[in-house]
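Think of it as A, B, C and D in the order they're written, each chain with its own count starting at 1.
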Amino acid sequence: MYRTLLGILSVFGAALLLVALTFSKTLEAPADLRLANGTEPKSLDPELTTGEPEHVLASALFEGLTRIDGKTGKPVAGVAERWDISADGTVYTFHLRDDARWSDGRPVTADDFVYAWKRLLEPAVGAEYAYMLFPVALAEAYNTFAGHAETLEKQLMPAVTALATQSPLDARSWQDFLRRNKANDPLRPVDDDVLGELLARRTGTLTASDLATFRARLEHARAWLRDESVRARAHFGVDHGVIAKDARTLVVELRAPTPYFLQVLAHNSSMPVPRWALAAHGDRWFLPGNIVSNGPFRLANWIVNDHIRLEKSPTYWGKSEVRLERVDMLSNENQMTILNLYLTGALDCTNRYFPQELAPELKKRRDFEQAPGLVVYFYRLNTTRKPLDDKRVRKAINLAIDRELITKSVLGLGQAPAYTFVPPGLPAYTAPATAIRHDPDEARRLLAEAGYPGGKGFPRVGILYNTMEDHKRLAEVVSDQLRRTLGIEVTPYNQEWQSYLEAERALNYDIARAGWNADYADPNTFLEMFVTNGANNQTGFSSELYDRLIRLASDVSLLARDPDPTLAKLREPEPIRALLAATQSGSPTDREHARERLRLLLLREAESILVEDEFPIVPIYFYVNGTLTQPRVHGYSMRVLLDDGSFGPNLQDTHPLRDVWVDPAHKGEP
Amino acid sequence: MGRPGTQGGTLSALEAAAVAFGVATLAGAAWLPPKATRVSGASFGGLIAFALARLAWGVPVGALASVTFALVLFRFAPGAVLRRVTFLVPSLLLLVFVTTLLMYHAPGSPFAGEKVASPQVEAALRAHFGVPKSAVDFFGIYLRRLVVEGSLGPSVKVQGRNVETLLRPALPVSLTLGLLALVLASAVGLWLGIVAGLKPNSAADYASTGLSAIGLSLPSFVLGAIGIVLFALKLGWLPVAGWGDLRHIVLPAVTLALPHAAYIARLARGGTIEVMSQDFIRTARAKGLPESAVVLRHALKGAILPVVSYLGPAAAGIMTGSFVVETLFGIPGMGQWFVRGAINRDYSVVLGTALVYASLVTAFNLLVDLAYAWLDPRVRSRS
Amino acid sequence: MSTRVLPPPGHSPGARAWRRLKRNRLARVGLVLVTLMALGCFCLPALLHLDPTTTHPAFRHQPPSAAHWFGTDGLGRDYAARVLAGGQTSLLVGLVATLTCVVIGVLYGAAAGYYGGRVDEVMMRFVDFMYGIPYMFLVILIMLMFSESARGDPVPVFVALGLVEWLTMARVVRGQVLTLREREFVLAARLLGAGDLAIIARHIVPNVLGIVTVYATLTVPTVIILESFLSFLGLGLKLSWGQLVSEAVGVVNPVAVYWWLLAFPSAFLAVTLLCLNYVGDGLRDAVDPKGH
Amino acid sequence: MSATLPSPPLLRVRELTTEFRTEDGVVRAVDHVSFDLQKGELLGIVGESGSGKSATSLSILRLLPPQGRITHGSVELAGQDLLALSEPAMRAVRGARIAMIFQDPMTALNPYLRVGEQLVEGAVLHLGLDARAAERRARALLDRVRIPDAAARLKSYPHELSGGMRQRVMIAMALLCDPELIIADEPTTALDVTVQAQILELLNELRRERGLSILLITHDLGVVASTCDRVLVMYAGRVVELAPAAELFARPLHPYTRALMRSLPRLDVAPGGRLETIPGLPPRLDRGPFTECSFAPRCRFVHEACRVAEPPLSEDVPGRLRRCVLPLDQLDRAETTAR
């Protein structure tokens, strides 16, 4: 029997030994700053990352031509020490710093950028953020045209051939066919009026000859796309688009003037990558031991699912400005854990990862800071499904929701109720008039008009959200409001992320929660997605005018060709007509200025289609970002310094680590 | 359409046939004659040893080691063990295949991001990560990687890493936590249960019943949350979450152990009461043995037998229960991969964790069976 | 004759078990409490006109009061209504999943035990194989597969939980059947020419019902706990005790203490699970006084 | 009674009363039982199951299960009151001075321990032997109880031995510390008939060889007849008759003893004759205290006097005790008419 006891004891001993072994790892020196950084980063490859945690890390490890300044939130000189912009705003010449160095001591050269950008745009690499560089000439062609040509050849053309047997075809099935085959995406870059007319046909029928024309035009489009792609591959990075003049001079040619381009250059997608490290380690080049970086920090340690340790880079050109020696970025998604870690002093900054449900309580604390963000929270309505295919129903839903109550009592962080789609705060963009408001009586009237008086006969609809407590709470409130105001049965239900994405894309939902985060500070990032069959549209919403407005906004010179048909359909054509005239006269700066204002007005007209006529979406609120930060941490602010010396909100919630410091006097304080 | 998930729940004929074949193989192993079972058990054992040894020492040494191991198995291992091992390999294969099918038929692809990528990007990613559109093809690729390259495949969602590199640091963490919880659960459960069983209806009995009640009636994450409030937030004795020093392991291990401790206490109490009512205990007392000797020498073994047979399921429960605790306490263990892999559709991660879990559970069950045989001579002589 | 010599109690095994169960104080209390709990969850909401879904965001996080016995949650919903409604689904999931697992487990176990030999070995190896699959994993995958069409319907959860919990039941039943099939009455039935199905249905199944009842009683709490784990991962039911408890655990913090959010559903859950466990234990002792 | 015997008894049991708490109330399993056991004597205790024989033996060793309690009486071993001893002192008696052999050697031996381990522990404990000496002693004893290949058997587990072997191991275990008294509780019940005889023979041999006193508890009158010096008959927790074995079998004085004997197969009765059974069942002991003769409901000689009160034990024949009010001649007469 004593042997049994001995056995039990030895198991005990073995377990303890294992514990000891696990913990015998060398302990790190304590960090100056410990930040919550959300979920475990999937990659540190600046070109391939997509998530917020990865973005934060990439911005600390790498530096682009420009970087965002922590104080002003504006792009300032990064690897590029200065730059010249051509008079028409389409050619940027960057002069790289002499002392910009990789962490292995090599200089950062213009070639590194050319290499990185070509890599970003290389279709086989599969970078999701490739489109960030699309303002650069040939970039889009380089990245997508070959694929588009292939899609046309392998998918769309055989499908059209097969469809030809069913002609004549009514326009509804035609649009259905186009949506199913995702026909618009590959054809969007193709400038062909005949194709455009056929794609946009929503009434009448399509005859066999229409389809034959379409097929012939597709053949043309395919050939054009292929040729353009070949051209782009031959010239991009060599003598067109982006050119390394010498080791320290980089010339970038843009397709059209892009006011936010310097901002784009600070984004991780256009940061340089060390080509020798990639060659040596393949897709593991960013792991500890392999990584070479050029930013203010370097990677010291990476404990998966626990934390990433950054330390100040000794080769960074601006190292005298970097005041943090060691930073721990915690990988944890559990908001309550993060809050509790913060409150017990194990964390210096919660970032946005605190429980939203406690927002009203946390708001009262002095170490809590907040600022509106460029994010809109909305519901997609599936316009292809009954009864949501009726815009009166969609409007009724929009009117039945009490956004005021939601932002004040459910969210409570000071979020603004959203009656339009584009978040406020973007310079020079003013929101259009909107029909969305809280009006239960009108909502009931509209629903009755649509044939569901008092909700009678209204089929049960679901609100789909991805699994997360905050979305759940909101879906429950919204469904309750709809139920009580309209008398309709609404069931909130969740799916985890990947299923949810799948369901949204396949239009396999009635109402679906969504959020959209600005890629860059411009309304285009919000409005572009609702073009007909756009990949991110996902509502089935389709409006010819909307599509035309978005296209015109991307190149306002197109409007000058034949303005009247478009202007006739607009709500406020007069200011647009005036600006159109201004783009053709006056000084180049005036013209440039007029073009920009015209662009924004066109986008505004597009937005008004969403919120005044069609309602494919239900905007709910505009985000407020907040954080709890220990008082000893400085430079981690939700406010930025504006040009006029006053402070404004840190709209994109960016906090470059190089500009953060810790007050040593505060050390030791919990 | 293109994405695997949209096929819904229907199995293709090929997939169904493959599952049927797998089940048949598993069944066929039961009809192997003893000699063949020895051969297959030993060779499978060698195969598994090779898979592990190759990771540690590389192919040539690994091969040598595994051949030696197989020969040793063939020569010395008990038939029952070899029989188990014979079933193990087809089981694991079937497990991989069935899991692959489930993953492929679940909606959503691993390549869907928030912003829609073009079909070409997805195709490039599929080719790069070796995740074709058909489950059967994927199974083939996966097996080839496993057998030829000795790799569990690249993670789709955590770029630049193979599943084994992800799991290697996580496994000791989970094993430490799990083993500690198991030891804790056994120690506390046995102690309470035996004390309670020796004196039913005494204060000790009520105390242990009370503890079991708590352990049985609340999900572990509630216990963990209460622990956090009490010991981390109110008293400040222990950290809220994280991993790094010994203080970090206390709350998670206790949280994980408590429900099992409760169950073990119940089993041990029952076992003790039963053993103490046996005739041979009276015999021992009639010899004039002091009560301590009666309990330690004569009763303990019998009392812990039901507990031992529960250890197998308990180990499985602790391992699969660990991700709740790991999530709650932010511990970088296996469980997180397991859940996140399934939710992200990170196919290789899911299969890798499933394989590791299944092997661990099987190995532990085998150990438990051996321990049982060691403790109970009657079982030993029967097998 | 004298009253001293009593005839032996000539009751059926079922009646004897029932008598023993009634003598077990814990089991008796448990049975009463569980019954009360079920009655409360299913009848009280209708009687008291409690509505678990109507939100009043302005009145959120109210501590218990006369108006709201259990306070209100983060959306101002009456928490008593939610706890009771959650109880309905929790009890239902326990019941339905257990039924599923009983049906599969009894059929499978009976077949394995009855045919024995190699058939038994194969069937049991398959059970081992299933044990080898971490059960949570199976649940997650099954739920993922159904989540699209189900829209939060609890049925996939029922199915998923039933599908993973039948293994133990199958093992227990098989063990019983292995001994039963050697018994005289089975041999007699076979000599009389009864077919396998008839024997299983008429002789085997009724004789394992006792032990099946016991394990079924113990499966209910297991399933309820399992569902709470799923809820913790966001994969569970929309409104169940497990869901409420895991939501409450999500707001455990020192800033604002909403104790009622955790206390009430936990208490209901704990009492129910405990009672079910005691009833199960009592049943086991009653059906099989010698234990396992 | 003591006057008829020369030396003071080894074991002296007086008014021993043991009660059990059960689900249905308190049961008096042993009810004022008194008897003496002389050195070297073999006393048999006979009775149906549930008559209190085993409870008596367990009471002597104070090994009652937790729900049992000795409520009254005394047990003296060589003049020392065992019931007054402290628990450690009592442990020094168990195994060393009084050893016990249980009914079912299958369950009485610990299945998880080797025979050797179980054998030697008593010797180590009581005799202070070291492990090797204890093992030598155990081996010698196994030889003595005629277990072949004793050394190997020490390494065996109980389930590897046959029933008879196991009982021999039990006997060896009992003999290990040279006790003065062995209580054998139905030592042969679980064994084959042929083995039974061997075991009884062995016990008797050992008694003679070592001057042991043995208390043999059995329900088997045949066993008693062949081995015992004196016999105590118990019914419903009480002594109903006590007599030297030969006399008891020649002329049982209590209707219960007579009924018991008639239920035995006998060689002096023509084959084919029917064995008798005792009608009814023993009383349920939870119904006490007795207000009538406990055997009355089943007694074929029952009359009014039996219903009035419990009859006392009386020495109607010298050297013999019985608990019956029926005059001896009436009993004999009734017996012959019944035949």
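The definition used in the following text is that contacts are C-beta pairs under 8 Å (C-beta built on N, C-alpha and C of every residue); 3 or more make two chains touch, one makes a residue touch a chain.
Just so we're clear, the structure is a prediction, and the values are computed from it rather than from any experiment.
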| item | value |
| --- | --- |
| Identity of the most central chain, Cα criterion | B |
| From subunit B, the most remote chain by mean C-alpha position | D |
| Interface with the most contact pairs, given as the two chains involved | A-B |
| Separation of subunit B from subunit D, taking each centre as the mean of its C-alpha atoms, in whole Å | 55 |
| Euclidean distance of C-alpha centroids - subunit A vs subunit C, Å | 46 |
| Rounded Å distance, subunit C centre to subunit D centre (Cα mean) | 51 |
| Interchain centroid distance [CA atoms averaged], subunit A/subunit B, Å | 40 |
| Multi-partner residues of subunit A (each touching 2 or more other chains) | 1, 340, 343, 467, 495-496, 499, 502-503 |
| Of all residues in subunit B, the ones touching two or more other chains | 106-108, 228, 233, 297-298, 301, 327-328, 343, 375 |
| Where subunit C touches two or more other chains at once, by residue number | 144, 147-148, 249, 252-254 |
| Interfacial residue positions of subunit B with respect to subunit C in the complex | 9, 23, 26-27, 29-31, 87, 91-92, 94-95, 98-99, 102-103, 105-108, 213-214, 216-219, 221-222, 224-225, 228-229, 233-234, 266, 270, 274, 306, 313, 316, 319-321, 323-324, 327-328, 338-339, 342-343, 350, 354, 357-358, 361-362, 365 |
| Complex interface listing, subunit A residues touching subunit B | 1-2, 4-5, 7-8, 11-12, 14-16, 18-19, 21-23, 27, 40, 42-43, 45, 48, 50, 123-128, 144, 146-148, 150-151, 180, 185, 283-287, 303-306, 332, 334, 337, 340-341, 343-344, 346, 467, 495-503, 505-506, 535-536 |
| Subunit D residues touching subunit B - in the complex, by the definition given at the top | 58, 61, 63, 65, 88, 91-96, 99-100, 102, 104, 107-113, 121-122, 125-126, 157, 159-160, 170, 173 |
| For the subunit C and subunit A complex, residues of the former touching the latter | 53-55, 57-58, 60, 74-76, 144, 147-148, 150-152, 234-235, 238, 247, 249-256 |
| Residues of subunit C touching subunit B in the complex | 118, 121-122, 125-126, 128-129, 131-138, 140-142, 144-145, 147-148, 168, 221, 225, 228-229, 232-233, 242, 245-246, 249, 252-254, 262, 266, 269-271, 273-274, 277, 281, 290-292 |
